[in-house]
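In the two complexes that follow, chain A is the common piece, with chain B as its partner first and chain C second.
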Partner chain A sequence: MITFLARRLTTSAIVVLISSFLMYFLVAIAVDPLSVLRSSTMPSAAKQQQIAHLTAQLHLDEPVIVRYFDWLKGAAGCTYGMCDLGTNWRTHEAVTSMLSGAVVTTLQLVLVATVLAVVIGAAIGIVSALRQYSGFDYSITFMSFLMYSLPVFWVAVMMKSFLAIDFNDFIQNGGQFSAVWIIGVALVTGLAVGAACGGGRGRILRIGAITALAVGALMVYANLTEFFVTPSSGGPLDLLRVLVFSVAIAFGITALSTGLRNRKALYSALTVAGIGAALYYPMLYFWNAVPASWPIVLLLGVVAMLVGIGVGFAWGGTERSRSARTAAITAFFVAGMLFLDRLAQTWYDYAHSSWVHGRPIATSGDSTPNLGGSYWMHTTDLLTHILLPSITLVLVSMASYTRYVRASTLEVLNQDYIRTARAKGLTERTVIMRHAFRNALLPLASVVPVDILFVLGGALITETVFGWSGMGNLFVTALHENVLDAAMGYLLIVAVLAPLANIVADLLYAVLDPRIRVDA
Partner chain B sequence: MNNSRRRRVSVAAVGLTVAATALAACNGVTKSEEGSGSSELTVGWNQPFYSLNDQTGTGNNVTNANIAYLTNSQFNYFDADNKLQKDTSFGTYEKTSDSPLTVKYTLADTAKWSDGVPVSAADLILGYGANSGNFNTVKADDVKTDENTGATTAPKGEAYFNAAGAGANGFQYISKFPEVSADGKSVTLTYDKPFADWELDFFNVLRTPAHVLAAEALGTTDADAGNAAVIKAFQTKDKAALAKLANFWNSGYDFADTPKDKQLLVGSGPYVVSAAKKGQYVTVKKNPKYEGDHKGKVDQITVKFFTDATQGLAALKNGEMSAYEGQATVDSVKDAQGKGLDMIRRPESTYEHIDLTVNNGGPFDPKSYGGDEQKAKLVRQAFLMAYPRQEIMDKIIKPIVPDSELRQSLVTFAGAPGYDEISKTNGAASYGAGGEEGIAKAKALLKQAGVTKAPVVREMYDKTNPRRAAEYALAAAAETKAGFKMVDTGDGDWSAKLGNKSYDAIFFGWNSTTTSVLGSMANYVGGAGSNFQGYKNPTVDKAYNQLQFTTDQAEQIKLLKTIDTAIYGDAVTLPIFEFPGVVFYDSKTIGGLDPAYLSPNMFYGFWNWTAK
Partner chain C sequence: MTHDLHSVERSGEHLEGPIENAIELKEVMGLSQGQIVRKRFLHHKGAIGGVLVLIAVVLLAFSSVGFRILGVDVPGWWRWNVTDLPQIVDDGDPSSAFGVIPWGIHPFGQDDVGHDVFALVMKGTQTSIMVMVVVGLVAMVIGIVVGAVSGYYRGWADQALMRLTDLFLTFPVIVVGAVLGKKFNHAAPWMLAAVLGAILWMTLARLVRGEFLALREREFVDAARISGAGPTRIIFKHILPNAMGVIIVQTTLLMSSAVLLETALSFLGFGINPPQVSLGWLVSNYQSAFSSRPWLFWWPGLVIVILALCINFIGDGLRDAFDPRQKKVPSAKAMAKADTKAAATSTSLFQRISGRGGAKRGSSR
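Moving on to the complex of A and B:
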């Protein structure tokens, strides 16, 4: 293990050195800090003086190799905490401080997008594998190849047009679905869900019809309550909605986690749902009294899960740990429901505030300038800004996960042990959730870390299109403005991350799959 | 848990819910959030802000100048018609003598910094001292960057103000230290020799308060003492103090996020910077201490940054801002029309021009014809006559700005003093505007010159710029018809190759920021810094030299006319078009926009803006 790490780290260091040299060389050739001065009309004496000044400042009269080693000397300091990646000569800002701001922005975006893409992609992949060669499977395959081949910038522009401008118009006009929309959306979702559930034609139609009716009803409900204008006002109806959804979540989680036959688990989950609904009003008073912040919210999420575990143990049964697990997962989602409902109560104030002017979904930037108000306003603001870029990134990166997971699920399902599990009479749920699911996800461990790098690359375009000042934007601006040091800051981080992601992927795989050893 | 306990727990839970619901009494537990209640405008610009001192070599950028324009007052400014207007609520100036040229600047009582300190003589002395270059104790090439701090420090203890305007303004000709009045309200400048653009010397210069600089660099926190210290430092040429002042002046005002040090935000204008976020926006709000004439109508203006026009237009359409000035292209205009946005379309102060190289042994150099000046000139004339200026205008510029016109002068522009008079008599009209007529004339001229083999012309331009690539295609087609053999030497790295004699013709843009009569001097005087074509004409050199020290406007116009006529007569260069400028806006949310030809373009007259 240690020799493996040592060997990999050494080779990685060499890779970073060589690539940084190559990149420095190439960028140094490409950028010309003097270009603006040269083509300016200032008097010759002043121009010569400024060109001389900049040349001296950036050592442009020295060979690139000498400048590279100068840069490397500072960059080497990063290994012992004396980082000096140079300075942006235009703004006099240290590259390290430029990076620290940009990295946070980019991480927000990339993390949200990656987590969503993996979760949704994996879920779709598994379902698609279970319904292999069905209409659903073919549609998903078609869709994922379509998404895979879409250019990010085009998707981004479409997003802005439909999800921001048109959606904001929709909200400004009272947020009412037209009859055509309701029927259309209900039919499409009905068809998709029916196909996903599979079975005979009768079953598909039955499930599809029920789903279509449910979706239609939800949309009518949204129209009647003006959901998109005031998604929640903290009234009894909203409490009822939280309760209904919590119970649905309890059933859903139990069905996946232990199966509905395990009554103790079901009761645990339902109890948690009840507790959640009971805490609805007390929590609203709580938030009035306590100014919210991310640490408090996350802490409460953890407390909710602990309560879930407690409830599960209290219900007991032969396998109390299963009840506890089910209840804890349910508790997490129920707490999330309460959180979302509280957030939704700020929606109207946010959308109609003097900063937002009734058009909440933003097409650009990572926040509304000078936004005042509480944590809830700022969280809503974050969501309205991160929505479009993350959906864009999710759309284009999700496709590959769907394909990976579908392939590996099919492979796992054909293994002998799955046949054995089925032969001994386990339910289909147990076979898939307990025996197939985890093994099918294994390949993701080696794909995701490396893929994050690609998302980082995709973020370069996404950030530019959506006006986020993250890493990608920093790099593009640096190239435009001929700032070598800033461009190198970005390239260095990518150069370090690439081999690191590969090492992490290898280690992760070894930890998860006992058949793999990393000694060598 | 036994059954009875379970029941008790359930009953308690239900009871709690019911009680809480009853308490909540339907709606309204959650407190609603309040808005800001002030009138606000958001506008967009195409490049992020990074320094509040736009006078330094590095901070000298239109985007910084815009913010400085919102937050500072000055003696004069250009209006939308390129006329120099005076802001007497800030101060007045008068020329008290012609020989030696003496100008007295007097600050008004209403001129105040946003921290309440009156604008005083010290601020003018700082503006003069920093921008003149006269107080730099080192030459530019002695200045080295400190590898560890990265600051552009001069050698230790030496002073170097990295001023963008040094060497261009008239301050360089003031060696006698300006006279400061006893009340500290006026300063008298005495020029060593008359300077043509003296009226623009303090234009856009007063950005940094002397007392703040004294506090930051010298540690003098008292405003009066600080002002006195700054005057003294310049007067006595105190190297140590000047070095500290220069260091801070060069880079201390560089920030893109709201700085911790609020002193940096002190300005003398109608607005002060209240918040900034790197790459995203700068917000200015009303300066409560402002007493001048340009009081704004809105409480707060936020300038957002969109480098990409598509992005900016989407945000404008989505109501995230009310006006945006970005790259004006056929695509962005179409995009805006499709989105139903309002536009103000007009030419801007940068103009494209075609230059012929006369010293590289190419087709336009007399050397190629055994020193036959006349023959080379005929070839040049032929080339310029055939240049499809009208076609370029019609196909590339008019779709963006429909009422664009060909510019008819090399030294001045429409609206600047004397343009009408100069453009009528300078010979510009004789070049026509290309087209079939131009090509026919060109053929005749080539014949007259006795050129039998098609002259080979290597034309340079910025190949990475689609508009310029399109321009080249049109030009190459017309010139080929006229009898030239065109070679495409377009290059993304064109600016590094300026003046290296590798091309025979080049087109690119010149930008004017003021109506300065000397703006074109560096382009056409023999051997000057921006004269990349090897052009030299003693008449032009002499007239510019004279112009530099002429303060009488009628005399200036006469000299400009001489220069313009001489250059046109030599057939070495022609203006092609003025860059199209478009301000996209939403008339439902903003009023009072009146963009200017010169920088700060859209921001001119911000005090008339209203939020609807």
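Moving on to the complex of A and C:
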């Protein structure tokens, strides 16, 4: 293990050295800091002087390799905390300080987009594989082809118009769905869910109709309560909503994880849902007393899952670990519901604050400048800003996960151990969730880390379109403005991340799949 | 193509159930590998649709606004050219609904100075098609050479070339493309395309290497070597034709990403710049006009989607056609027909081949 890591890290270091040199060389011949001066209209003597000055400042008269080693000397300092990646010669700002904010911004975007893309893509891929050669499968295949072919920048600009501007108009006009919208959305979701559930024509129609009715009812409910203006006010109705959704989550999780037949698991999940609803008002008082922050929120999430495990064991029985698992997952989602509800209570204040002016979904920038207010305001602000860029990135990167998971699920389903599991009489749910699901997701472990790099490339465009001041935007601006050092800052980070992603992928795979050994 | 028998045998092994087997084998009986591939491709609806639409787009793009080849200007039938500045008619609105009927004087509308958007989009489509072909060719040649050399010779050449491939894979192509595009964006578009081709060959090289590693151990290569064939002859005459399937499929898929890459770079300003026209540049230039003049923005993007989608479908069809293990699921009708037939002749050829009796329908599907 240690020899493996040492070997990989050494080769990675060499790769970083070579690739950073190549990129330095390429960028150095691509950028021309003197181009602006050369084409300027100032008198020739002054121009010559300026050019000579800039040449001396940037060492443009030295060969590229000498400049590279100069740069490398500063960059090598990063290994012992003395980073010097040069300065932006236009603004005289140190590259390290330019990067420090940008890295966090970009990582937020890339992580959110990747997690969403993996979860949604994998779910669709598995269902698509289970319904192989059905209408649903063919539609998903077509959709993923379409997503493969979408230009990111085009989608991004359309998102701005359709999602942000239209949605903001919708909220400003009171957030009421028209009848056409309700019927249309209900029919489409009904059709999609019905097709995804599969079965005979009667079953598809029945499930589709139920879903369509439910979605229609939800939209009417949203209209009646003006959900998009005041999603939650912390009143009894909101408590009731949390309770209803928690119970639904409890049933859903139990159905997927142990099956509804397992009464103890169902009761554990329902208990957790009840505890969550009972904590609704106490939690509101808690947040009034304690200023919220991410560590507290995450800690409470962990506490919720521990409580879930406790409840599962308290119900006892021979399969208490299963009950505990079900209850813990349920607890996580119920806690998430409480969090979202608290967040929703700031929505009205946020949308009508003096910084936002009733148009909450942002089209440019990564945060509202000078936004005052609490943690909840800032979190809402983050979500409204990250929404569009991450949807764009999810749309273009989801397709490959869907295809990948579909293929691996089909392969797993044809394995002998699946046949054995079926033959010994396990229910289809157990076969799929306990035997197929895990193994089908296994290959993702080696794909996702490497794919993050691809998303990082996609962030180049989304950040430019949405005006995020992240690394991608920094790189594009640096190239446009012929600032070598700033561009190299970005490239160095990518150059280090790439081999790291590969090592993580290999390690992850070795941990998850006992057949793979990294030492061999 | 040579050695088709083997793949037919293989295609039999992977089938489940004698009935499907029967249908499948009957389809390929007595055909050469090339014939099977052609037949399968022609039966792939998506791929044929992709081919037809692509041909239509190419014809429309090149015939409408004309093009310049070897210094000779070939005029087009469309009344405006990219540089024309006709008077703005009807506030620049498109003269046709959805660009189809009635055609009118400016079917895709005009921009704010009067350029005919149809002419611009067609010119941009020409650029995209040209970029796609050049990138495909350059990447294919590099990929084949790198893959073939490292797969055939193995040893240190393989090590060196594969480390080089890994090195190229370090950065997302769009990042390297942006750096190179910064250097080459004032050069001719085909230059930029060639440069982009030089950074897109890696996956192809890896696949070709894999194919070569497997194929070089086969008996027919030994036979050729014993007959006195040199490495060049073995690579080009014996191994390469058998690896063509993988190469063609991968090149097609690569071409669709080339279209997206070029337009994305042009959008960022590191690709093709005026006076040349690129669809990505059009989208970038007109994105602020989206709310007031959406047609300026719609058409370039739509053409990019159509081009990439067509090529992806063609690539998918080719993959299915070249994959010997690919099985077409017979329709219920064909199954029933084969079922009765199998019942009538209980000792059919296929039951003897597969050694399994009884009819098993694809129940797991």
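Observations, loosely collected:
In this section, the second predicted complex is superposed on the first by the 502 of 520 C-alpha atoms of A that agree within 3 Å, B and C clash if a C-alpha of one lies under 4 Å from a C-alpha of the other, contacts with A are read in each partner's own complex, and residues count from 1 in each chain.
In this text, contacts are C-beta pairs under 8 Å (C-beta built on N, C-alpha and C of every residue); 3 or more make two chains touch, one makes a residue touch a chain.
Keep in mind that what you see is a predicted model, and the values were worked out from it rather than measured.
Once the two complexes are overlaid on the shared chain, A:I165 sits against chain B and chain C alike.
Shared-chain residue A:T464: touches chain B and chain C both.
Once the two complexes are laid over each other on the shared chain, residue contacts for A:G74 go to chain B alone; chain C is not touched. Within the superposed three-chain model, A:V157 lies in touch with chain B and with chain C [touch as defined at top].
In the superposition on chain A, contact of A:T392 is made with neither chain B nor chain C.
Judged by the touch definition given at the top, the superposed model places A:N262 against neither chain B nor chain C. Of the two partner chains, neither chain B nor chain C is touched by A:S408. Using the contact criterion defined above for the overlaid structures, shared-chain residue A:E93 touches chain B, although it does not reach chain C. Across the superposed pair, chain B and chain C both touch chain A at residues 157, 160-161, 165, 464-465, 480. Considering their complex, residues 166-167, 169-176, 178-180, 182-183, 256, 260, 263-264, 267-270, 280, 283-284, 287, 290-291, 297, 300-301, 304-305, 308-309, 312-313, 316, 329, 364-365 of chain C touch chain A. Partner chain C is touched in their complex by these residues of chain A: 15, 18-19, 22-23, 26-27, 29-31, 132-133, 145-146, 148-154, 157-158, 160-161, 165, 413-414, 453-454, 456-458, 460-461, 464-465, 475-476, 479-480, 487, 491, 494-495, 498-499. Of all residues in chain A, those touching chain B in their complex are 32, 34-36, 38-50, 52-59, 70, 74, 84, 86-87, 89-94, 101, 157, 160-161, 164-165, 168, 233-236, 239, 274-275, 277-278, 280-282, 284-285, 287-288, 314-316, 342, 345-346, 349-350, 352-355, 357-359, 361-367, 369-370, 372-374, 376-377, 464-467, 469, 473, 477, 480.
Those residues of chain B that touch chain A in the shared complex are 1, 10, 13-14, 16-17, 20-21, 23-24, 26-38, 40, 42, 48, 50-51, 57-58, 133, 139-145, 147-148, 150-152, 162, 164-168, 251, 254, 256-257, 274-275, 277-281, 283, 300, 302, 304-308, 310-311, 314-315, 317-320, 493, 495-496, 498, 508-512, 518-523, 527-530.
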